[in-house]
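Listed next: structures, encoded as structure tokens.
In the two complexes that follow, chain A is the common piece, with chain B as its partner first and chain C second.
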Partner chain A sequence: MAIKVGIPRALLYYRLYPFWKTFFSSLGIEVIVSGRTTKKLLKEGLKYAPDEACLSIKVAFGHVQDLMDKVDYLFLPRLVSLERGTYICPKFIGFPDMIRSAFDNLPLLIDTSFNLRRRPSNLFFPMYRVGRIFKRSFLSIYGAYKKALEEESKYLSSLRKGNLLPGVLSSWEKKRALRPSNPKGNLCIALVGHPYNLYDSFVNLNIIKKLEDLGARVITPEMVSPLEIKKEADKIPQEVYWSLGREIVGASFYLLESKSIDGMIHLGSFGCGPDSFLRELIADRARKHQEIAYLSLILDEHTGEAGIVTRLEAFIDLIQRRRMLKS
Partner chain B sequence: MDTYLGIDVGSISTNLAVIDEEKRVLAWEYLLTGGRPIEAVQKGLRGMEKKFAKGLEIKGVGSTGSARHLTGILVGADTVKSEIIAHAVAASHLIPEINTIFEIGGQDSKIIIVRDGVVVDFAMNTICAAGTGSFLDHQAQRLGVPIEEFGDLATRAKAPTRIAGRCTVFAESDMIHKQQTGHATENIVAGLCQALVRNYLNNVGKGKDILPPVVFQGGVAANKGMKAAFEEELGYEVIVPEYYHVMGAIGAAILAQETIVQTKKTKFKGFKVSEVDYKTRSFECTGCPNLCEVIEVLMNGEVISRWGDRCGKWEVLEK
Partner chain C sequence: MKATFPHVGRMDIFIKGMTKALGMEAVVPPTNSKKALNLGVKYAPEFVCLPFKLMLGNLIEALEKGADTIILVSDRGPCRLGLYGLPLQIILKNLGYKFNWVTLDSPQAIKSSFQLGMIKGVEKYRDKLTFMDGLLAFHFGWKKMLATEEIERLSLKIRPYEINKGDTTKVFYQGMRAIEEAENLYDLKKAKNKAIRNLKNISQDRSRKPLKVAIAGEIFVVLDSFANLDIEKKLGELGCEVDRTIWFSTHILHHLGLDKFMRKSKRKAIQAARPYLKYHVGAECNATVGYAILYAKEGYDGFIHLMPFTCMPEFVAGGVLTRVSKDYDIPIFTVELEEHSSQTHLMTRLEAFVELLKRRRNQRSNQ
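After this line comes the complex of A and B, so read on.
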């Protein structure tokens, strides 16, 4: 029977899943992903997670709990840094330790460190260490790694063509052609924030669908090319040293400057340190673009649907009325 | 006469307003929602109908407020808009040169930034409800001051007491402490108004471009102490419009007029709605681990609308 490795559907899952899944599958290992976030899963997460953790970490605890009895190994890499000069949030770095101290009877943890801050090209080394747990052959591990890179680059380029992540991820998983999304909306709204907030439709109360129902086309940071992100992020006098934060700010600034959007919504989670800075940085830049409306929303485990709906409706109405009065 | 009806159903009060083609307010109704939005709307409609002996020709209806969707279904609204837009539309109609709107209602507070008659920015209170109507009501009761006299009392204060207004819980314990150390009631009341204004400007108004003229509306605008505290903090006059407490309803009526220009015919079910037996009930869907609370609206025992489910499977009604 194939060995089963569990990957929580949380945190960087939304970005790195195709890479990880391809790597493990190529080594003959079965990958099990936790179910979608539900009220029950979040409740379980809240039971085990430290109170002062951000919403996203609490959700991730729920996903770990969901996988516990289903897998031989839990893949919780210690993500320190994935690119030159930036760090992943410290809560991610400590995530495997938090999990270890919160749960008894855990499956074996794979918590290999990924610290590529000095040498981004060294991704293979930690992956090799992961591979060695299961296989002795260098060549088969290297082969799996190469294939994983290939799949990841296909995945990322599909995102950059302007396809929304949930659709791309599910078409990748099912090996089905991507159904071209056909948004009818006449407004273009940039939804910016951490991927695990933007794409977990439970956590964000299905915000993408709500925006589409209100007549908006949604653009996210994943659609912006790394080159444009770097260009904008480099202009900030004080370097943003969180990987995702840098990307969110760079992409937001690019979208604001490109003048191709009608509005921008920053989606943050309650208790997230980086978000509290990003929100202000982006708001400050957005104020310089009076023609683009800006809204900041904070998600927490109690987020009432009514509050989100009222703000979204008002935000879209504001843009529509502005347009109506102009013409 | 052609008229438009606006209905604003909030957490604490339910307001109705009727305007004519020139957007003049012909009549208004202000009643407490009392946790029963359907009854409040029906009572409001009955009250409104009685005001017009010759009958009313309603050409369009708009609903707003936190129960806007429910109200929209009950009365057959032509437009259902959030309270932010409704308040902004009403305020910029009455005072066209308006730049900022403070709106403090029963359970929420908002700031709306308007430039050239268009909303450019807004914010609502997030986690904290300090300074909203319910809190003032509660404190007035605790101090033994009828809420109607609260504002007058505050304006008579000679030396407002400094109260911690960050949080209602702290504000309350601070007030009790100040009472026990012998501060006069009017000074405490005035101090409370100042604390709430500081809290409002620092939380809801944080980072917003507050420029005069400022309009202050919503139920709390009736409190002269709050108006005075705003003026002291900002250093200029804050305008409380004549219909400050029914601005949402006026806005909804104006929005209805705008909608009818395009749709021509109203969906209004008529004043007879107030006689119909409406009920709501809820149940927990056990179809998946989300356990959504689904709400049903029944008209004469028949389900006419459902919401509250994340997946949407209950929203579609089987005929």
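After this line comes the complex of A and C, so read on.
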């Protein structure tokens, strides 16, 4: 029987899943992903998560609870930093420790540290440490690592071509050709925020679908090339040292400056530390671009569907009216 | 140049002492108050932590008083503190203030800001002052702060024994004011000794057996008695001998790497937390967990964990502390502080907590 490794469908799953999945399956390990976020799953998470947690951490606790009895190993890498000179968020650094403190009878935890802050090239070392748990042969681990990198770069380049992440991820998973989405709308809306808010359709109440139904084409930070992000982020007088935050700020500044969008929506989760500052920075820049409409939404576990729909409709109406007035 | 800085605990005593010795001018914002907090809350982002809001309030008040240069001592992640500069500048500029901004977050920044003439005002003094003057001024400021901390530490020890409630607090503030006003080292020593004598002369009931409680958590709220709603005084008057884990001086010494031989240093706390936190999360997170373990081993009755609402590193510590509390059998009380925290609310919770500690102690002595 193959060893089962569980990956929670939360936090950086949306970005790194193809990499991890390819690595594990090349080593002959079965990967099990927790189910999609549901009300029940979130409720289970709330039982274990500390009260003051941000929404994303609460959701992640729910996913861990979902995997508990199904797997032999739980893969919760300690993501300190994935780029030179940056961090992810302090909560990511302590996440495995919090899980260990909150749950009893956990499956074996793989909490290898990924710290590429000083030396961005040594991604292989932590991956080797993960591989060693299952396989002794250096070559097979190295092979799996190389294959994983290849898959990841394919995945990222597909995202950069302007495809939305959920579609790309499911087509990657099912090894199917990507069905190009062709929304009918003529509006272009940038949706910025942390990936675990943008793509978890329960958490954000399916906002991408709702926007597309209202006749908008959605652009996310993943579609902006890293070079442009770096260029914009370097202009900020102080370095934004959260790599996700840097990406969000860089991408939204680029999109605002490029004037290719009609509106921008920032999605933040309740209690998120980085979001509280990112909102301020983005809103300040958006104020300087009066022709681009800007909306900031905060998500929490009580978010009512009707509230979001009303605000989105009003937002789209506003943009449509502006257009009419212009022409 | 009129420089200003936001308050962090009693850092103003240090800076005032230093600038006084140098004959320079610094605009010290009024001490943290409801007014500063309201100003901060009005203009700050919604979910930002309490220290940010208070600092913003301080800076607005200082700019109103005529300051033109803001100096912010900061760090480089992963906590939000390192990025305070960006939103603060944006908010203050949008409010229409004009100022020079200096962030001191690394030795390089300090050097380059000196070179860029940030401390332009210093040039005026440069010919008159020597390096030795600077060193002496630093020494004077440092001594002043140490003296304040010493009498504060003593007041924490004496408060649970006082017969007339409030005596200790009154005497402590008198002593602190005298220390603040001291002009030279001789005055300072006299003021300190007098304060210590006065504190020891407070009428006390030595037959009491106070509960022992330790306080740890995020540095700003632990140091600032306005932000933590005077929790030490409240605990003392409820009959607890409080030990505070973080002082401004120990924090500086830790960052200079000089706390190797100190008892219960932050370094030792971080080591003690290793079984629970395998990685250094940043800020005071590991130290908080470590202190809980150290104090539990020492036989303390309770542990209080202070954190601002939405603080990221302390949130991780809070998650881990639930397990520490079980493993070491020590009650841990986490207080989240935000702009809506009220005195009475905290008092009720503290009374309940102290009651719980008393009951535990009685049960133990009966066994």
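Assume the second predicted complex is superposed on the first by the 327 of 327 C-alpha atoms of A that agree within 3 Å, B and C clash if a C-alpha of one lies under 4 Å from a C-alpha of the other, contacts with A are read in each partner's own complex, and residues count from 1 in each chain.
Everything below uses one rule, namely that a contact is a pair of C-beta atoms (placed from the backbone, for glycine too) under 8 Å apart; a residue touches a chain by one contact, two chains touch by 3 or more.
Please read all numbers here as calculations on a predicted model, not as lab measurements.
The superposition on chain A brings chain B alongside chain C with room for both. Touch criterion met: A:39 reaches chain B, while chain C stays clear of it. Looking at the shared chain after the overlay, A:272 reaches chain C, while chain B stays out of its contact range. When the two complexes are overlaid on their common chain A, residue A:306 makes contact with chain B while staying clear of chain C.
Look at A:322: by the touch rule set out above, it reaches chain B but stays clear of chain C. Of the two partner chains placed by superposition, A:171 touches none, neither chain B nor chain C. Put simply, if you stand at the Cα centre of chain A and look at the Cα centres of chain B and chain C, the angle between them is 80 degrees to the nearest 10.
Comparing chain B with chain C, more residues of chain A are touched by C. Contacts of A:25 after superposition on the shared chain: neither chain B nor chain C is touched. By the touch criterion defined above, A:314 lies against chain B but remains apart from chain C after alignment on the C-alpha atoms of chain A. Of all C-alpha pairs linking chain B and chain C after the chain A fit, the shortest spans 5 Å. Once the two complexes are overlaid on chain A, the chain A residues touched by chain B in the first and by chain C in the second are 280. By the touch criterion stated above, chain A contacts chain B in their complex at residues 38-41, 202, 205-206, 280, 283, 287, 290, 293-294, 298, 306-307, 310-311, 313-314, 317-318, 321-322, 325.
The part of chain C that touches chain A in the complex is made up of residues 45-49, 76-80, 82-83, 85-87, 89-91, 94, 103, 276-283, 285, 307, 309-313, 315-320, 322-324, 336. Within the complex formed with chain A, the chain B residues making contact are 66, 81-85, 115, 117-122, 124, 126, 207, 209, 288-291, 310. Listing the residues of chain A that touch chain C in their complex gives 49-50, 52-54, 78, 80, 86-91, 93-98, 100-102, 111, 113, 236-242, 270-277, 279-281, 284.
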